[in-house]
Structures are given as C-alpha cells and as structure tokens.
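Each of the next two complexes has chain A plus one more chain, namely chain B in the first and chain C in the second.
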Partner chain A sequence: MNIYITYIVLGLLLPLVALLYDGIERKMTARIQGRVGPPITQSWLDFVKLLTKKVKLPEDTNMLMLFSGLVLMFAGAFIPLIMVFMRKGDLILLMYLMVGGTLGILLTGLAFRSPYSRVGVSREMQMAFAYEISFIFAIVITIMVTGCRTLEACSASSIPLIKWPLLLIPFILFLFVAPAKVGVVPVDIGEAESEIAEGPFVEIGGRYLAIAKLSKSMKMLALMQLITLLYLLPAGVTGVWYWIASFVIDGVLVFFTISVVRNAASRIKIDQAVKFYATVPLAIGIIGLVIVYLMRGWGM
Partner chain B sequence: MSLWSLLFDPENSIWVYRINAGSCNGCEIEITPLFTPRYDAERFGIKWVGTPRHADVVLVTGPVTAVAKESVMEVLSQVPDPHVVIAVGSCGVSGGVFRGSYALEGPLDNLYPVDLYVLGCPPKPEGILTALLEAKKILKAKRKGQYQEKPLVVDPAGMVMGR
Partner chain C sequence: MSYKFPLGPFHPSLEEGEYFELEIEGEVIKEVKMRIGVSHRGIEKLATKKNYMQNLGLVERVCGICSMHHTWAYVQAVEKALGLQVPERGEYIRVIVGELERLHSHILWFGLGSHAIGFDSLFMFLFGIREAVMDVLEAISGNRVNYAINTIGGTRRDIKDPDMILKMLDELEKNVAKAVDVVINDKTFRMRTEGVGKMTPEQAYEWGVLGPTLRGTGIKSDIRIDAPYSVYPEIEFEVPVVDGGDIFARAVVRALEVLESIKIIRQALKKMPSGPYRIPRVPPVVAPAETIARVEAPRGELIYHLISNGTNKPHRLKIRTPTIMNLPALAEMMKGASIADAPLLVLHVDPCMSCMDR
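Moving on to the complex of A and B:
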C-alpha cells in the first residue's frame, strides 16, 4: 500500500520539479548573459498560462496522430522520470521508452501540413538517427561494465571502485548526447525556435503545447537523473540524502551540459550536427565497446 | 511580486509574436533591444515566439500595405484567444509618413481591433515594454470577460494615456 502512495506523490511532484529545473536553467542562462532573467517559476507559469488558453488548430489536423504523438511524448518522458527516481526498472526498457518520446515528437509534427513542422520532423528524424546510436552504445557499455541491467543494481553507489575508469566512456558519451536529446541550442535543429518556429510544435497551442513543453522538461530531468544515478551518485547515500544529493547533482549537470553549452555555442546546421554525431561520439562508443570487451576477457 | 502571482498568475507569462506589415524596419530595430541585457523583458516573463499559434500578444509594425494585408489578416486569425494586438510606431497607429499613399490598406485599426497603441517614430524600447506590461492587465480583463473596448495609448517616453 505504502509504495502506491509513494508513486502517486512522485507522479504529481516530479513534473513540477522538472518544470522548476527548466526555470532554473533559464535563470542560469540569463545570468551567464548578464541579464536578470525570469523568476525560477517561469516555466511553471508558462504551463499554467497555456492551460488557460483556448485551442485553435488548423482545420485539416490529423487528430489521431496528434493525440497518439502527445501520449507517446508524455509517456516517453514521464515513465522514465519515475523509473530513474525510484531506481526501479530495466535499463533496456528505459532506453526504448526514451526513444518512444522522440517518436512522439515526430508523430505530433506529422499531424499537420505546415511546411515548418514537416521540415522540423525531417530534421528531428535525422538527428535521432545520429545520436540515438551513441545513446544505445552508452547504455550497452554500462551494462557490460557493471554486469547488471536493473537500475537499482546499476546505480553508481553499488559498483566497485576499480570499474569506475571504464564507466568514464559511457559518461562522456552521455555528455555528448544530452544536449541533443533534450534539444538545446547548438543541436536543437529540429525545434529551432528562431528559424522554423519550434518545428513539429509550430501549429499546436494551448493545452497540447503545455503537454509538449512539460514532456520536454521531464525528459531533461530524467536524463540528468539517469546520468547522476549511473555515474555520479556517491556511494552509500540513502533516504533523504539520496534525494538531496540527486537534486544537487542534477542542478550542477544541468548547468554544465545545458546552460554552458547553450551559451557557448550557436546553432549548427543539420549536416554538421549529423556529421559530428556520426563521427566523434560514435567512434568513442565503438572504441569503448572494444576496450570493455577486451577487459572483460582479462577478467575485470 | 507576491507568492500567488509568482505561482499561479497566467498573466506573468506573455509570449509575443511580431508582424511586419510594411514597416521601414526602424520599429523592428527598437523592438529587438527588449531582449538584450539592458531592457531584459524576460524578467517579466515575456518571451519571443516564432508562430502566431503560441502568441498572447501580437506586435504589428508598419502601415498595412495592400500586399501585406492578406497575410496580416490570415496570421491574426490564427492567434488563439485571449490575445492582445498592439500597433507599434506612428505607422502602425495612423499610417505615419506613408498616410494617404495608394499602396496602403491600413492603418491596422481599420481592419482589426487594436488594444494598445505605441507612439513614436520609431518608439523607444521603454514605450514598447510599457505597452507589453499594460497588455498583461488587458489579458487579465479578457480572461475574466470584463474587457471594455477602450484602447490605450503609450507615448514615446512610456507614459500611458487614455485610461
């Protein structure tokens, strides 16, 4: 009985925390640029505002596609979020769920006939092909090094110290993949706000857009917590300290992988991004896989 | 800001879409600084959006030329309710230096109800920012259904007239 209450409370609170992290990220970006920036509740306020607006969709919208896309997008962010914070579940399943979130974005964009959303979908798809393979490599290497597939067993706190240098490889891969998966500036090519007006989301508004934005924030927090859990959480933290440590490390990660990257670089073109993801992270992934395989042969 | 407005006031989030209906670009140049460190409109929750379907406030610059009219009306018809339309610059308000030209269909208030006017050629960023903050109150009134059609005018120095 108790566990269900925990799940319900987490299911209600974690989306709010995700929106708060989004607001913190915007505040940090503003501070880096020398601005005052919005209050940290700004993303939550945007969410509330979007819920109060009337919805106006184009007449020829494919509603089935829109709804299935939104449901997939939400599920692909919400379930991983709960999974990583509860440390319950399977890494492979998590990987598939997060890919499902990307699929949701594609479906949402395909529900409209606007050329902007079509361009966004096509770019999103190319990006997904480019970075998801590195994401899969990162998870596979982690599983090979730690020899476990469930999140509880894999968390950094339960892994012997000698294996930590090997975990550096998937960690670096994750750092490469994180901005692309969350969709921030140097590689937010599919949703380029200033260029193709948020790509797949160009025609949706009101509560549908609220769900899309919420999913994006939740995806960010889930990914950060996944990295924290797998590689960064110090050994032997449990109970309240687990939550405090997670949230602090998540914040630091958001700062370094999202805010700094976003302010240091301008948007690159789709061909440059695909070329980059198809060379550097992929090469690291393949070499890492070979190294880990050989090390396993030596009994590590 | 009170805690309530920090947490639950939808007026603290304003997404702005901008239409150029034949302006000389002077007004655009004055709108852009709103998002630089000096004016920093984001601290009031104001954000740029690239599509009318996300917008709460629409800034229209320029007299509406005959060529631009159709697109302007089409774009305005895509903005979801409640929304506020602001005519920016002398051109948007009255046609400005272009008034009387054969190529004009505007000014905008002949074609679409305008809630706020910003004077000046070009208006100052202070004036535009004041207009955006006034738009919060209009949006609130529209959400409650108590809006009286009484357009306000913001002068170049940021004073609100006509209340």
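Moving on to the complex of A and C:
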C-alpha cells in the first residue's frame, strides 16, 4: 500500500519540481546574460496562468491528433520521470518512452495546417532521426559496460564513471544529446522561436500549452536524473541523502548542459545540426560500441 | 511540392510590420513577394500642410532609430533654400549626435541579428552596452530616441559636458572589442552568417544597394566622403570596406564603422570651436527654390528633396530612404536561402520599414 502512496505523492510533486528546475534554469540563463531574471517560481506562475486562459484553436484543428500528441508528450516525460526517481524499471522501456515523447511533439504539430507548424514538425523529425540514434547508442553502451538492464541494478553500483571508465563514452553522448532532447539553442531548431515561432506549438495556447511546457520541463529533469543515476550518483546513497544528492547533481547538470550551452552559441540550421549529429556523436557511438565490444564482449 | 510561407507582417523577428510571402520547397526559398506600405502614414503629404518649423517634429518621426539623420537632411535642404550658414559649433554638434546615433543604430543591428539567430547572450550584452550611448544622447538632448537636436540654422541644444561623452566612448570601445571578438571567433555565428546573402559587387551595383550592405561587397561608397557635408571634410576617418559580400562581411563592416564613429566623435569634440551653435532668428517664409540634401544615415544614403513656393509651408517634400533601395536586392538574396536564414536576411539589410513606408 505504501508504495502506491509514494507513487501518488511523487506523481504530484515531481512535476512541480520539474517546473522549479525550469525556473532555476531561466534564472541561471538570466544571470549569465547579466539580467536579474524572473523569480525561480516563475514557471509555476506561468503554468497556473496558462491553465486559466481561454483556449482558441483554428477551426480545422485535428483534435484527435492534438490530444494523442499531448498525451504521448506528457506520458513520454512523466513516466520516465517517475521511473528514474524511483529507480525502478527497464532501461530499454525508458528509452522507448523518451523517444515516444518526441513522437508526441510531431503529432501535436501535425494537428494544425499552419506552415510554421509543418516546418517545425519536419525539422523535429529530422532532428529526432539525427540525435535519437546517439541516445540509443548511449543506452546500449551503458548496458554493455555495466551489465545492468534495469534502473535498480544500475543504481546499486558505486560511482559508475569511476568504477567503469568506459562509461565516459555514453556520458559524452548524453551531453551531446541533452540540449537537442530538451530543445535549447543551438539545437532548438524544431521550435526556433525567432524563425518559426515555436514550430509545432505555434497554434496552441492555454491548458494545452501548459501541458506542453510541463512535459518539456519534466523531460529535462528526467534526462538529467537519468544521467545522474547512470553515471554520477554513488551507490548506497538512500533516503534523504539520495534526494539531496540527486537534486544537487541535476542542478549542476542543468547549468552545464543547458544554461551554458544555450548562452554560448547561435542556433544552427537543420542541415548543419543533422550533419553534426550524423558525424561527431554517431562516430563516438559506433567507435565506442566497437571498443566496448572488444574489451568486454557481450558477457552481461 | 512548394508551399507558401508567410513571413510577417507580424513575426517574432521583425521589429516592424511588413509582409514577405515566401514560396518554399522543403526548406529552400524559391520565390519572394513583398508587400510594402503596412505602416504608411502619409508623412510627405502631411509635410505640405505644416510650416517649416512644425515639419521638424514630423520628419523626426519618420524613423525611430535614425531620427536625427532625417531632421539633418531636412534642415540642410531648408538651409540651402534659405541660403543660411550654420555656425560651426552647431555643425560639430550635429556630427557628434549623428555619429552617436550611428553607434546605437549599429549596436542595435548587431543585437537584433544575434537574436534572430538565437544568440541571446550576445543580444543582451549588446543591448546593455547600447544603453550607455542612449544615456549620453538623453543627457545631451533630454530624449532617448527623438532627440529634437536639429533646428533650422543650427541645433537646439549645446554640448556642455564633453568629458561625459569621452568617458562613455572609452568604456564603449572596450565593450565593442569584446563583442567583435565573439562575432569573429564564435563558430556558430560564422556558421550562420558566412556564405549567406551572397552578393557580388556587380550585382550590388546593378541592384542599387546602399550603405553598409554595399560596403560589405567591397565597394567604397559613403556620402560623408563622396559628397561631403557639414564638417566631415575637417575630420579624418576611414570608410571601412570588406570583400566577401555575405552577411558576415557586412557585420564586420558595421563593427569597423562603430570604431570609426568613436574616432570621429573624439575628433569632433576636440576640434569643436566655442561660440554660437545656432542662428537666433530664421525667416519663416522660404522663397521658391528646389533643393536636395543627402546624408549618410546608419543604413545608407538618405535623400530629402524639397520644393518651396514662397510660403511658410513646403510645396513638396520627397524622402528617399535607404531601405527602399536595399529591399529589391534582399528579394534576390533570399532566393535559394533556407527558411532559417529568412529572418536574418531581412534584418541584415537593417530595414527601416517605417522610414520606407512613411
């Protein structure tokens, strides 16, 4: 019975924590840019405000596609978030769920006939093909190196990066993939607000936009916690210390993989991004896979 | 299969309303149709209904960024018609304020361009350093945007504290150097600007482009040198010209122009004589005449054509802004570029839609 109560409490609290991290990221970005920035609770306030707004959609919106897109997007962020913080579940399942979130964005965009939305969907699709392969490589190499297919097993080791230096390869891949998966400059090409005005989300507002924004925040936190859990968190840390250590490391990761990256570069173009992901991270992934295979074999 | 992609009239990257209909195949722009006139206000007609002094306030509002250059060209046209000789101090004040305007206009251009390509930290930094220029303009004139510095026969205000300007210039020079370092060395900035909006010198000449857009193709053209006005002949400065013909080259031209403007202001402050800065009384009626005044606004050559008819109101006032000359070339430059480049391409000619539409 207790476990169900834990899930319900986490299910209610973690989305709020995700929004808080979004607020912290906005604050860090503002400080890097020399601005005061909004309060860290701003994303909560935005979420509540969006929930109260009247929704206006174009007449020819495909509602079925919109709803399925939003549900998929939400599920693709919410379930992984619970899984990684509870340290329960299969890594391959987690991988599928996180890719499903990307499909949710595509469906949401396809619900509208706006050219901005369509261009956004096309770009999201190309980006997904480019970076999701590196994400899959990272998970597969991690499984091959550590031998753990579940999050429980992965979290039962000592600081994984120190125990298995080969995990540096998937760790680096995650660092490449994180900005694209979260959707920040220089690879927020699908949304590119100054070019296509948020792309797939251009027509949505009110509570639908609130769900989209919440999903994005949850996806960011889930990804950061996944990196923390797989590569950085020492084993044997439980209870309050587990939560404190997780949140601190997540915060540091958000700073380095999101805030610093988005403030140090311009948005690149879709062809440049696809070319980049199809060369550097993919090469690291393939070479890493070969190295790991040769050094450890499939004995997992 | 091609489809239509509307860019504007309201778009996150366009500061002013103007409509570009792009015909796209995949992400590549095949055809561009422009519809100008979204912010037409009938200023030229209105100018014939107001007297010469009232028109100062009117032409100042043709543009929010290069407002001083509009009044500068206007007063030059009127002064020519009246045969007035402006006191030398007044001319120096005009040069100083004009170059301060070029400084903040070019920094604004860099900021907006950075925002268009998602480089928001550079955008914030540039808008931060631009504030120092705006503060000086406010200290001189009392206004941040429409300074109302020019009047027929001189300037409305004197520069009483040159040290304040010199101090700001020292600080600005350091900050601009930091920004230029980022612009030249940041890989992603170069990836977005190099080879985009390519134009050969022949094409630039044929399409009639002006200002930094032209100078970024390797053609040296600047009204301050070609048809000197005010006290520019007494000031030593270079006209930066960069080969390359792409957005990156034009960015470098503007960066160098910022440094040249700082040099001009320093010299002008040093050489500025004491004495009156305006003619106390100016006749309200202008005898029949036809005059043309040209100034080098931050965006390029600005022309005012005035026809007076012996009354206190102009018979006709024609304004030729640089943007109208740069837009046809923009349409050509956009062909073959990607949608991602479109907002940056529009912004890179530093379009002033409100100037153009008037």
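In the analysis below, the second predicted complex is superposed on the first by the 288 of 300 C-alpha atoms of A that agree within 3 Å, B and C clash if a C-alpha of one lies under 4 Å from a C-alpha of the other, contacts with A are read in each partner's own complex, and residues count from 1 in each chain.
Methods note: contacts are C-beta pairs under 8 Å (C-beta built on N, C-alpha and C of every residue); 3 or more make two chains touch, one makes a residue touch a chain.
Predicted model only: the values in this text are computed from it and were never measured.
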item	value
Chain B versus chain C as contact partner of A:Lys56, first or second or both or neither	first
Which of chain B and chain C A:Gly34 touches, first, second, both or neither	both
Partner chain in contact with A:Gly205 - chain B first, chain C second, else both or neither	first
First, second, both or neither for A:Arg267, with chain B first and chain C second	second
Touching partner for A:Pro115 - first (chain B), second (chain C), both, neither	second
Which of chain B and chain C A:Asp46 touches, first, second, both or neither	first
First (chain B), second (chain C), both or neither touched by A:Glu124	neither
Touching partner for A:Glu191 - first (chain B), second (chain C), both, neither	neither
Touching both chain B and chain C, residues of chain A	33-35, 116, 193-197
Residues of chain C touching chain A in the complex	3-6, 11-13, 24, 27, 114-121, 124-125, 128, 186-189, 191-192, 338-343
Footprint of chain A on chain B - complex, ascending	1, 6-13, 15, 37, 40, 42-45, 47-51, 53-54, 56, 78-82, 143
Chain A residues within the chain C interface of the complex	29, 32-35, 115-116, 118-119, 122-123, 185-186, 188-189, 192-197, 262-272
Chain B-facing residues of chain A, complex	26, 30, 33-39, 41-42, 44-46, 48-49, 52-56, 116, 193-198, 202-206, 209
